[in-house]
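Shared chain: subunit A. Partners: subunit B in the first complex, subunit C in the second.
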Partner chain A sequence: MLRALQIVFGSLVVAFLILPIIAILPLAFTSSVFLTYPIPSYSLRWFEELVTADVWRLSIINSLIVGGGATLLSTVLGTLAALGLRGNALPLAGLLRTLFLLPMVVPAVVLGVGMQIFLVRLGLASTYPGVIIAHAVLCVPFVVVSVSAALQGIDPAVEKAAMSLGAPPITVFRRVTLPLAVPGVVSGAVFAFATSLDEVVITLFVAGPNQRTLARQMFSSIRENISPTVAAAALLLIVGTLCLAALAALLRRREKPAVA
Partner chain B sequence: MGAFIAFQDVTKKFGAVTVVDHLDLEIAKGEFLSLLGPSGSGKTTILMMLAGFERPSSGSILLADRPITHLPPHRRQMGVVFQNYALFPHMTVAENVAFPLEMQRVPRAEITRRVERALDMVRLSPLKDRKPSQLSGGQQQRVALTRALVFEPDVILMDEPLGALDKQLREHMQLEIRDLHRRLGLTIVFVTHDQSEALTMSDRIAVFNAGKVEQIDTPQAVYDRPRTRFVAEFIGETNLVEGKVVEAGAQQAVVRVGEAALNVSGEVSAGRDVSLSLRPERIRLGKEPAAANALPVTVADCIYHGDHMRLVLKSGPLELVARAERLAGDWAVGTEAVASFDPQDCTVLAS
Partner chain C sequence: MSRASVRDRSRAFALVAPLILFLALFFVWPLWTMVTASVVDDAVTKVLPRTAAAMADWDGSDLPPPAVHGALAEDLRTVQDQQALGEAVRRLNSAVSGFRTLLTRTVTAAREASDPATLDLSTIDPRWSEPRFWRAIKEAVPPYTDRNLLAALDLRRDAGGSIVAEEPGAAANRIIMLRTFVIAGSVTLACAAIGLPYAMLAAAASGVMRALLLLAVLLPLWTSLLVRTAAWFILLQQEGLINRALAALGLIDAPLPLIFNRLGVIIAMTHVLLPFMVLPIYSVLIAVPRNLMPAAASLGAGPIRAFWRVLLPLAMPGLMSGCLLVFMVAIGYYITPALVGGANDQMISSVIAFYALGTANWGMAGALGLILLAVTLLLYLVYGRLSRSPQLPGA
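The block that comes next holds the complex of A and B.
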């Protein structure tokens, strides 16, 4: 009885989370110019629009540039931060860790306003580096969390063993610590890219017309002229995110036997 | 020409806690020394200081008369075998064993040859391309041992290396390590809390308690002539008997226990209250009153152990445990008997 209730409740929660996403997807294949049901007939014209219309095509390219840049930057910074925080050898390591994770909880609007003022001062407002930096701030916590978890899974005795076998500290890092942390670094990078991909609020503040990302373009397209291109773009984002999530899950699976 | 390894007045504190307390310890080249003690006795910390992972708070450590107190671990040439093996999980068995040779910049071809020879020696060649996670505990243990031996280090340090293995495998590995030690003339420092392991494998045993050495001696001496109450109780089983010294001579004494005057061995001054250690298997049980070193006893309990019997004997307020071979007589509960022993089998304890 309880088991049945659990299943029903679980299904309802899943439906609540997924139905809105499912509802939008079929509209990507509509032949009509309106984003409404019922669908008169199916076509791929909105996907065509997505890759041919300049605003959409540019926004996809922008998303890849910004996402790639933010991923690279945040992965490097986040990994270094996680390494530095490891083992709480630093004074105030706990406080520092909290600071690194702050972008996860600070309201995006606040971060956006702050970022805009800051980037204008630096002369980076409405530039690619500016947007990449702003996104990277948001992505760093994911990398820090993921790499820290991977580092925590490394048995300190393994590194000691390497030392006793004649490896100087830099070699221990290169041959033992880093290879064992790689799954965490990669899954952190995947999260970072996914975060950058669907980031809208901060992009609104710091990006100029030339750095319009896909998510940002969808946002304005809904406000200005609701066309089914939005649904097509949504489908693209969801498929992309699912692929990334699958990649992360795969890495996690491979990570386990390595730690055991 | 001093000892190969020497700890000179080494103290290690973690915060306010003194883990190793003014340790002086010398280890000869080619010796198999066990550091034996309960957990928290400082034995692992001593090993970690020798390996270079911990710095002494004071004092110095010498290797072949050279101070190594502040030498980083990777320049000490010591093979360490850890409790949980600490194999590199992302490398194959062969890569694990090749690692120390790569660190010494041995030429590629020679590495391959030496790795193969080393793995052959422990019968692991067929598994050389496996990852550690695909090996059994015993196999991992052998890889860890091979990896620590392959670069021919001056000293092998082992931190409870057999703790995670089941009993049968553990006994097998004990013999294998003992054999390696003899064949290769290695200097081995072996940390364990298992007294039977220490007794079977070592040239000498250092018994630790609360950061201090209680006794360093050969296994026989540690077992037969324990110097302190702690050693007597920690190694094997023993009967502790309280008495008063009535006569003292060179390396022997007469101690009054209840009504009986017992001849025992040990250096002690007359008039003192002392504890004696008497191993259960050294007690002889007979029916006729023996001339010397005898206590009248009553059998209070008799426990069957297959290959032997354990007898609980009462002599007034004193309770003794004795070990009797199966066919050594019929010792039903309530039997009146006489327990005797040789003077050299009963030792006066220092405290």
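The block that comes next holds the complex of A and C.
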């Protein structure tokens, strides 16, 4: 009796979690202009719309530009910081770690208002550098967490062994520490890119019409006149993020052996 | 301190410094800008410095002494920055309408006057003999104001300067804040009601079953928030999948109203935030020795008693951090209520976005943002204390 209840409850929750995401995928292939089931016939017209209509095509390009820029910026800064935090050579390391995580905690709208006023004063509002910087702020926590975890997994004995064999610190870092940390850096970059790809709220505040990202375009499309293009874009995002997540998971698995 | 450790320390600092600098410049400073935007009110005092000084001795009752007239005429005559003047006019006009025409006329007259210091302004425009215009200037002259912060809490200062409650008709912010807490609280409760048994199930399962149950939680976490909200938007529609399915099963005759209302917002937000509840509880429960429940049973406790006295107390830290996390994230939500909710389901973030994007009223946006920021940081502080690590799950 209890067992049956458990199975029913478990399946219901799994369905609640998974089905909504799966349910919208076939709608991307509908030939109708309505987002409803049953699907009359299948076509690729909404994907065609996605790559040919200017607003959608430009928004995909913008997402790649902004995501690429924000990923590069946050990965460089976050990796350096994670290396600096390693080994607790710094006073107040705990406080710094908390500061680096805060962009994840502060409500997006609050940061958005601050960013908007600030970037307008700097003259960076509605420019690519402004949007990239704003996205990078949000991406930094993911890089710091990911690289820190990878560094934590490195056995200090490996580095000590290299040093005892006569390698100077810079060589140890270049030949031992860095290669072992690379999976963490890559998975941090993947998380950063996924975060930027999905970001809407900050973009709403700091981007102009020329920096409209895919997520931002989806947001206004759902709001104003929803069409199956949104489902096609959603499919693109799901496939994209799942590929990225699989890549990150693969790298995390590969970094496991380094954990002593 | 040895020389090596000094070197280690300076190298570590050099590595951390770029990110500290970056976040100080593009994270802390913007937030500080927002906070100051809510209290700084220097548009008028920048343009009318002499008037501000001359008004210091005037108590605000009746009309100001002639010296103030002269100071105002002098200020207006010498103003160079047209944009600053425009901002000052806008600020005054929002307090008492009519200032726009009044000041434009006065600026022209002051520029033409041969001796502005002795000018009687009421000869230029009769409105200068009304105390309310002068009082508006006096109120706008201090460079800092608590007006926005008070307004964010539905309070204002009356003519005498004491803090009073806003009239019920004009008061909306407290209702929005209460609504934000009610929605966030409902979502937290729904997440706890589903998440606790689910986490128990996942922790008790093993092998493929456990992996499957966890994958079901992680998959939505990896999927774009916007995609999940779009999915609910499509599912909950009048002609959406849920209504179609219920009608096909013969459970309903007419479509249920699921979208643009509170129910839709709570369903969609529960879906989005459920992983944040399951993961902390799960991480606490897998550390519980597996033989505890059989031990409780062997001591004569029924399943319910064993749950109440053994498992729940052990799961409590996870449940508490899960609840805090869900509540903390939920109160700042914008996208889901904006897309799935109706006009009466908008939370504090929507109001902030309205002030900032819709009306460019950064003072009010900043004041409400400050309140949301303070509540969120307070919850995060408690969360950090409770879970020992400041990291959020899923990162």
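Just a few scattered comments:
Methods note: the second predicted complex is superposed on the first by the 247 of 260 C-alpha atoms of A that agree within 3 Å, B and C clash if a C-alpha of one lies under 4 Å from a C-alpha of the other, contacts with A are read in each partner's own complex, and residues count from 1 in each chain.
Heads up, the rule we're going with is that contacts are C-beta pairs under 8 Å (C-beta built on N, C-alpha and C of every residue); 3 or more make two chains touch, one makes a residue touch a chain.
Every value quoted in this text rests on a predicted model; they were computed, and no experiment measured them.
Applying the stated contact rule after C-alpha superposition, one finds that A:F193 touches neither subunit B nor subunit C. Looking at the shared chain after the overlay, A:L165 reaches subunit B, while subunit C stays out of its contact range.
Once the two complexes are overlaid on the shared chain, A:W46 sits clear of subunit B and of subunit C alike.
Shared-chain residue A:W56: touches no atom of subunit B or subunit C. Of the two partner chains, subunit C is the only one touched by A:I21; subunit B is not.
In the superposed pair of complexes, A:D155 makes contact with subunit B only, with no contact to subunit C. Between subunit B and subunit C, more residues of subunit A are touched by C. Contacts of A:V110 after superposition: subunit C is touched, whereas subunit B is not reached. Residues of subunit A that touch subunit B in their complex: 155, 157-158, 160-169, 171, 175-176, 179-180, 257-260. Listing the residues of subunit A that touch subunit C in their complex gives 2, 6, 9-10, 13-14, 16-18, 20-21, 23-24, 27, 34-37, 77-78, 80-81, 83-87, 89-91, 96-119, 121, 133-134, 136-137, 140-142, 144-146, 191, 194, 197-198, 200-201, 204-205, 215, 218-219, 222-223, 226, 230-231, 234, 237-238, 241-242, 245. The touching residues of subunit C, when paired with subunit A in their complex, are 5, 8-9, 11-20, 22-23, 26-27, 29-34, 37, 194, 197-198, 201, 212-213, 216-217, 219-220, 222-235, 237, 239-241, 244, 271, 274, 303, 328, 331-332, 334-335, 338-339, 349, 352-353, 356-357, 362, 365-366, 369, 372-373, 376-377, 380, 384, 390-392, 395.
Residue ranges of subunit B in contact with subunit A, taken from their complex: 51-53, 72-80, 82-84, 86-90, 99-100, 103-104, 131, 133, 144, 147-148, 151, 157.
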